[in-house]
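Here it is, the structure in full.
Each chain carries a letter (A, B and C) given by its place in the written order, and its residues are counted from 1.
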Amino acid sequence: MKVAIASGKGGTGKTTVSASLAASWQRPLVAVDLDVEAPNLHLFLRPEIHGDEKAYMEIPVADESKCNFCRACVDICQFKAISILGSVLMVFPEMCHGCGGCLAVCPEKALTPGQRELGHIIWGAAGSTGFLMGRLRVGEAMSPPLMRQVKARLNAMIQHAETDVVIDAPPGVSCPAVNAVMDADVIVLVTEPTPFGLYDVSLAYGAFLPLGKPMGIVINRAGLGEDTIYEFCRSKNLPIWAEIPFSRDIAAAYADGGIVAQASSELQLTFDELVESIIDAHAEHQEVLHA
Amino acid sequence: MPEILVISGKGGTGKTSITAAFAHLAGDAVICDLDVDAPDLHLLLDPTIRQRHDFYAGHEAVIQPDRCCGCDICRQVCRFDAVRPGEPAPVIDPLRCEGCKVCVAFCPDNAIDFKSKHCGVWYTSDTRFGPMVHAQLFPGDENSGRLVALLRQRAKEIVKTNKKTLILSDGPPGIGCPVISALSGVDLAVIVTEPTPSGLHDLERIASLCDHFSLPVAVMVNKSDLSATMTRRIEVFCRERNHRVIASLPHDPDFVLAMVNGKAVTEYADGYSAQQIRQAWDTILSLFNGADSPKKNSVPQIGRRKAS
Amino acid sequence: MAKLAISSEGPDLDEALDPRFGRAAGFIVVDPQTLEFDYLDNGLSQAMAQGAGIQAAEHVANSGAKTVLTGYVGPKAFMALQAAGIRVAQNLADMTVREAIEMYRNGKVKWARQPNRRGHGR
């Protein structure tokens, strides 16, 4: 089972919940940080790192001496990554989305595969929990290609074992966020009871609903702002799986890099119940699917 | 005309609350919400929409079943795993389609349409603090970088026609395409961070991105009383990188109370946090109006609103 | 005489010079001696998701112009113009196309060696 921890808005406690969930999970688990622009899960799980590899995307490299200026590559490229100016063939590597179209259409083999660095894929273990993350290179604009490679690595890691997965997804509802949750079996939406939190979680709910996956809410900093989030959950029939009370102690524990579930026995209980709710929601959904 | 961008790398540090307060204090800015994926600034500024525009970007491939012979070539050439088997013809998952046209070009039956994609809407509006441009991207859509560029362009036009003196923008989270698009060529990036491991980690990354673009940076530490240790580490980092820390704000319920009331913090209260934000804004103004201008050749005069 | 391309907000010599290169409304391609000109609409580049600067550079290169007068040129467009052997004068603003031509004729434009901004998406 794959569980994605998402949030419409950044800073609601998505990583806090991911880390605590990973620490409370009773079955074999890999925790994955797919928030590759701002990966933070490792700061709380503090895994022992076993490997660190650079990830690359295939891009074209031009050999002008072979080019007959037929413009087939220029015509197929939707991203303006190749240009012919007079008698010069130019590649703009950072524009390339890695679709391979130009390489496939060039009749003269004037374009050959090269590489652009996307960032790093890092893996390891925090106790018995497997750990995997992507970290986007500063200056790299596209995160989905790196996320795809992290997901491919994840699938290789869990192929042979009955292992569950907790995914720390990017915030928002843009392409990278949807990319991170679309392979999950269950989606946990983390929000806070403020106008921003409500607005953003309603966007996320709308974005993820078409995926047809069981969803539940975790309200972080409960008691902080206002109660409209509860009305929203009722009206959408969205279960509230956990509430983490607003307290300075919790905020300070987080600030010092602590795992919130371990801050008190009440909180540990909250997260144990969250784990159960997720497992139950998944089982229920499977039954509906197979009925 | 200076363009000031408030960013954070990490979400939830208080970037939008601070942008709203600056908009209140500036009084004469063109306000931009460049967080087009999850915009929140409108919740505080309550804009009256004057114009609504559709935003189209890129294309998406759609298989027409009546023309498809089922050869499977589209699936083989797609590098984004977007083509799914289906009856009577395969289907392209719009969430995975990159709009690269490779399947369209290689389809022997010309069975794949390539339509331009309606990705969102954007608005020009009026608020009690001045004109505002903002947008809402549809879920799962990309090319927000282009939408960000479009909003900035529109803001510049409004500055000209309305004789405004400054552009104030609430930036997107992260360090990817929309952020790069938001910060290229601005006059000052105000980074709002918090004293947590994530806050520092993301500050380091966004500051590196600003250095990459040779941008002047000012840092504000929000909720600074949560961890004295982390706050100190942030200050040390900023000193080493030569980035000025212009404010340290406490963890203050005024932020949330102002938000619940649909107000900017400085508008809602005049407590310690509000005063610190006023001082920070004055410091920003002095960066532009004073001798230590962030850019040598730009000494524009911008207005300020007095404490009432 | 080699032609100039000037980013322009419209199809006339008295239009304002468009400070944007990649997303300029269009280009006036003009013979600086006779002032005979063509207008090149750049609307398609304006609407592009990415690579407007490169697209505009292609337009200008195909027009036969060997000189560009404009405001801001991004790094990729700059590389493309250089590759096409086109000289660039940038940082022009707040003037009409005609005034820009006048500056050029009086030898008052400065040739750029590098792009003036690290652009992205503009």
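Just a few scattered comments:
Just so we're on the same page, a contact is a pair of C-beta atoms (placed from the backbone, for glycine too) under 8 Å apart; a residue touches a chain by one contact, two chains touch by 3 or more.
Predicted model only: the values in this text are computed from it and were never measured.
Taken as a graph of touching chains, this assembly is fully connected, with contact between every pair of chains. Central chain assignment: B. Criterion: smallest distance from chain C-alpha mean to the mean of all protein C-alpha atoms. For chain pairs A-B and B-C, the one joined by more C-beta pairs in contact is A-B.
Separation between the centroids of subunit A and subunit C, computed from CA atoms only, is 42 Å. Between subunit A and subunit B the centroid-to-centroid distance comes to 19 Å (mean Cα coordinates, whole Å). Once the centre of each chain is set as its mean CA position, subunit B and subunit C turn out to be 29 Å apart. Counting only residues that touch two or more partner chains, subunit C has 49-50, 120.
In subunit A, the residues that touch at least two other chains are 78-79, 141. In subunit B, 58, 145, 177, 180, 212 are the positions where the chain touches two or more neighbouring chains simultaneously. Subunit B meets subunit C in the complex at residues 56-58, 143, 145-146, 148-149, 152-153, 177, 180-181, 184-185, 212-214. Those residues of subunit C lying in contact with subunit A across their complex are 48-52, 54-55, 57-58, 61, 76, 79-81, 83-85, 120. Interface of subunit A with subunit C (complex): residues 78-81, 83-86, 88, 90, 92, 95, 141. Partner subunit A is touched in their complex by these residues of subunit B: 8-13, 16, 37-38, 40, 43, 58-59, 77, 79-81, 95-96, 98-102, 105-106, 137, 139-142, 144-145, 173-180, 194-198, 201-202, 205, 208-209, 212, 223, 226-227, 229-230, 251, 256, 259-260, 262. By the touch criterion stated above, subunit A contacts subunit B in their complex at residues 8-12, 15, 37-38, 40, 43-44, 76, 78-79, 97-101, 104-105, 136, 138-144, 148, 170-179, 182, 194-196, 199-200, 203, 206-208, 224-226, 248, 251-252, 254-257.
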